[in-house]
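So the structure is just underneath, and the comments pick up after that.
Letters A, B, C and D mark the chains in the order given here, with residues in each chain numbered from 1 onward.
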């Protein structure tokens, strides 16, 4: 028995679910789970279907070829992913290790629906951690005066890892627009605030200055607009007047790592579809 | 345009979704939203489909008649509810007013997907509140030595209200088994603890004695086993050493009323299916 | 036995706690509870002490007179409040009733550490609700072209109620600066977003547009800077892609009313001290 | 400048705070932070005071000697801990690595107010992880038929590590009563349920069977009564019908590690006092 995940996004139309489920049935496959969502504002329909097939099913190649005809007629954006094929994860980090260590440990314990293929950093600090977990480490320093060239090197390094998903685990550098566009919907960032509060730098200090009673973290896709990409997951934790900005930073680290791991896992399991600047998360 | 909600529970079978969605399509109806769940332990499939039909659709009577044939062949337990028909809600309370007042206010503001048709209580205290909201109030006192006869009167009173759903809003009396069975899956209780912690009486006192750091409330269907029916919704709130049992009672009241309102709303919107002693909540 | 609450804010100094607690001891009073906080950024010290005294204690008038000498020498801002004296609460509302109804019910059930003396509104809608709870209702319409004069009338109406605390329970009008200043630290607002996200109008629509995964509410003191006053309490609730702006508004109402009631109660119990634009909440 | 933490528990008495704060003042020390709690049920008073002293202060030895006289007269249980002296942490684990890895990483990043001196396990699996973090690893296998002798070896191993606190990071073996008593109030366990729900084995399976909507974890001191010791911290996470017992186990692991780390940190910072079977946590 093999499992595939069919993801569909298309303009709303009459009989969509019937058409797709009938198609799956006719190809001797079974629907194990299905999620639908109609975005009433944009009149777009979203579907995620887990399809089970066995040796007696018609080959998945046929399935794909045949389905593309339906897809075209409904103007679908779609993908069919084999659940047994691990996505290649590239982690990009800087000096902070809490998110990177947490992801590496999850990878090592086979908890991620993907395979960490490398850690790329502008600092050397994470090298030892990566080597502990037998994950290739690559450093590309980003200099103040050599930023353009360094970013090009970094971009090449990303490409060389052939990632299916790039995780910015507190990378702290702004990603070049070309890279954002090339890996559109495939770069995931953790921002250390509850967006849209405290976009940009030093969110914990600003949270402390503002006297908020909850701080948070936001896992989102990266676009060329800083901290404004589609949000996948958010979480908060309670703070009080006795917590300094530094306390908040420490408390926030737990929220960051949990939120990033959760958002990444949704992505790896093909649970996230993007609709303009928002996400549909079928969980 | 009218909306119906089709709820299905049946043994898992090949082609179920295709069959049902094809049927809906053939009856010129549209699927507005759909949720599926396969209980892998019990090999049962659950579906909730919001169906939109218009004046040109074939009459819903035909739909029902034709669908019953499919339903039979798949051994479905099913219902088709017209979303425009308000469910009749009977609230049963005692002396505590927080849940009753909250529900009455929601009813008054048309926030509930149902219509509160009465308040039934063993005490007089809630009479004024009910009259404020123009909701019929009925008192059936439950005496210590006349319990059997009083419970029979109460049971008759419940039946007279012709409720679709009975809400025990801190009613504090054990419901007779016959009544539980007659309204199976239609009586909703709010228990003032995070079940299965603190089943039975005085949960806040026992929570304070145990020194827990979170207290909670549980909204569940009533069965003849006290506090053991299928759970619909649960919520918690943080407490600390400075909170007495009495503080916890006050803090818990907010959790109780929110959790009850949430669980009731899910029920009213036909989002809850029961599977043995558990619920599937499509929200 | 009577209970007083001593609130102190002053520049940090050596021996403060010893001085104050020695003073209390010498006046034959007992410390029932005490909270301290040192704001390390502003080098300010905050204290809240619950003091128990009995018939044999020296009169509280003496206590006050004598304490003012210590207070002066340490440049203290301080107050000594008799816990048995209820604060006078004025609720200001508009068309939304969820917060007002919730507060009125809490007042009616004696759950608030204060006494609701009136409901003031620019619309008539809340009149019936107030009369149900036997609370005086006053309407001051705010016209588009008569705003200045109407605001003056409203200001007079507020003053006439002689409130100790004014609660903006979704009042939806900007409070004149003079009123803000006159009742500095005594006007509490509930903003229907997780500040500093979505300052200003239509936060639920903007939250839906941004695709956030949590929405919230913020209870804060009102200053002349819109939605920027010291935050007392914040709370959030999870939302997802299926929730429209209208759903969020409904879900948010529960968060608003709970958060407002919690923040107000802290204020009524003298648990909140203001430090620049932040609060110290001793709870 | 050095910081000490004075922890006091004693029968409630008149003038306690005055006496203690006056004493601190007279010893030329300053109160940086203070927390009080009166347990009204047990009429016991609890205090935690952070004391700052400098080179000009009278030696801490004098402080201790003099304070013991006050302490005796008030029947205090007390301790005075130098904040600069790291507590020795012994981690005991088994096969699950999530909590152990999380603690080791926090230790490595100097986030814990203590020093991890060893990992003790009945299995070999954690050896590599410990060696990565340069922490001594010791294995004491617990055989089914040699349990008594093996437990004695394990007990000796614990003693040999000279721990100030023993952390059962999913150790999965019942600790001998003698060890519990010897290290009373110094052994911290993480139980993978929201106690008192699901005491004992397989809590995730039982949570799934019961159909709860929230699962949790409990960090508590170990006593000879299984899962019934004083609770330090609890946390929950939302689950739904689609989550299997295995999903819950994975989701719960994040809650376990965060809750354990939080509870341990409170202990390391001398924020926890025990009162019968409950804790006072000054945070």
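Quick note on the criterion: a residue touches a chain if its C-beta (ideal position, glycine included) is under 8 Å from a C-beta of that chain, and two chains touch if they have at least 3 such contacts.
Note that the coordinates shown come from a computational prediction; the quantities given were computed from them, not determined experimentally.
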{"item": "Chain whose average C-alpha position is farthest from subunit D's own", "value": "B"}
{"item": "Chain pair with the higher count of C-beta pairs in contact (B-C, B-D)", "value": "B-D"}
{"item": "Computed distance of Cα centres, subunit C from subunit B, in Å", "value": "36"}
{"item": "Separation of mean Cα positions, subunit D and subunit B [Å, integer]", "value": "41"}
{"item": "Touching two or more other chains - residue numbers and ranges from subunit A", "value": "33, 37, 242"}
{"item": "Residue numbers on subunit A that touch subunit C, as the complex places them", "value": "37, 39-41, 194-198, 210-214, 216, 230-236, 240-242, 244, 275, 277-281"}
{"item": "Subunit B contact footprint on subunit C (complex, rising order)", "value": "33, 97-98, 101-102, 105, 109, 111, 132, 242, 250, 254, 258, 261"}
{"item": "Of subunit B, residues touching subunit A in the complex", "value": "14-19, 21-22, 24-25, 30-38, 238"}
